[in-house]
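To start, I am sharing the structure in question, which I have written as structure tokens.
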């Protein structure tokens, strides 16, 4: 019963997160003047691509959206609503950033749990969380022909790593999933929101071949 | 016997389609000044990439070209011939557009049939058709560093969706595959050619962050 | 025992190669001003992406880095050291080119051996070698938003094809793996270094739509 509580929490956050990711992806598609079909496809790839890449790399079949095709409908529907109500969206920028951060930490812990259930080593559990949390945005940027934001800005991947690491540490320390999941979610979310608020950045590596 | 007729038709159209896709991909590679090896690789990825992505996402192994390596030779050979005979190609632009449309609808129905054979739900059957029909061109555009055309122009993905949907509806209505396949092929092809002829477009979603 | 000698040689070259690929990938990430996390991710994708793509396409699970997570640590560590010691790197340009060539031929033969162990046909064995040798660099270029170098410059993919082909021919001629592996490695390496030294290039296919 206890396990079900944290699973239910994660599932709820997952549904919120795929809708939020679909909406921000639709805005990215709109910046590239894509048509409505392109908007829907970019939204599905962004919202469900991280989990799909994880499952393909780990050989974890069938993929989430193959088992739950309704998620494709949810993300495509959210994307179309976003395109229709675009004038409203700019005012919701802060809400999107919050929901995107919720998605990042929720996706991360879901990805960790998938790898844990496959009995994979700790480092792969962390990587599985990072792929689930971050790869959708990378796929969006590649399809929109941008250098992925992940590699250049903000502590996105680092938040995912910290969230996954804390979750595993708390389990290791003897906490139940029902305690470890919400704690890791809250700390990860706080870390992400602080990074956004204070514009925390990692050091960059700037290299020029004409360096002397 | 009856089933074999539509299977044979699809297989013939499939072979025509991978050759046509290889030829148009070679022209795209030529626009980027790629060398002959690059031309062959882009051709194979474009012609066989949609089916490969579908099989990887659905866990449907072995992939088509692993079972039929001769398809790799066909696509690479067609690409090299295109590079050698490039001056002729411009005159064949209409023929290429026709063959590309044939490929789109044939790939779509083949993708639907793969998912049907795996007993997947209807929505995944449609998605499987769309991935098979459209993803090769997306991979080509990503490798050539373009924003995928699919997301911006023409009714490509929509034609795939309509073709797959009609095919499933006709089967649902009690038609045999031997009747449903050619009907869906012809309607899908007509839809695509009309969209090209009259430059039908979907509404676009144009979003700028400086919108006020 | 004899087989183990060539396996040990390949394994040693593999470890050298993933470190070298990680270091050149880190420099590519530095040219795009990526942060340290981005540098690590690009390094892992470049060094391990070719083998991963091969395994996903062939359905060969689990992937190398899932079985050996220490490789992820090695590549990420090498990438960070490169970022820290960047001023030294420019002097090592020749060494990097040499190690990259070692990686290309070693990855190629490892990829051939994976497909051989799966009893796949000769053409797929060659393709498996080429994917293992070349795809990491393509993924790096796509993530850095460049047209992949592979398709435009140098005899990279051709060297991979020649190395794999020679390896298979030597086995066919009755040589043991212990003889065929080092011979193919040396010839492939020499071919690559000569191509670099004398700037050998394949003919390019240059196509413009306004050609008349």
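Note that the chains take the letters A, B and C in the order they are written out, and that residue 1 is the start of every chain.
The rule is short, and it goes like this: contacts are C-beta pairs under 8 Å (C-beta built on N, C-alpha and C of every residue); 3 or more make two chains touch, one makes a residue touch a chain.
Per UniProt, the chains are A, B, C = Glycine transporter domain-containing protein.
All values reported here derive from a predicted model rather than from experimental measurement.
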Suppose you list every residue number at the subunit A-subunit C interface; are over half of them used by both chains (same) or under half (different)? different
Between 0 and 180 degrees and rounded to the nearest 5, what angle rotates subunit B's CA atoms onto those of subunit C? 120
I'd like the Å distance between the centres of subunit A and subunit C, where a centre is the mean of that chain's Cα atoms. 30
Can you list the residues of subunit C that touch 2 or more other chains? 56, 142, 145
Using the touch rule from the top, collect the residues of subunit A that touch subunit C in their complex. 56-59, 120-121, 123-124, 127, 138, 142, 145-148, 150-153, 155, 157-158, 161, 201-209, 211
Where on subunit B does subunit C make contact in their complex? 26-27, 29-39, 41-42, 52, 56, 61-63, 65-66, 69, 72-73, 83, 86-87, 89-90, 142-145
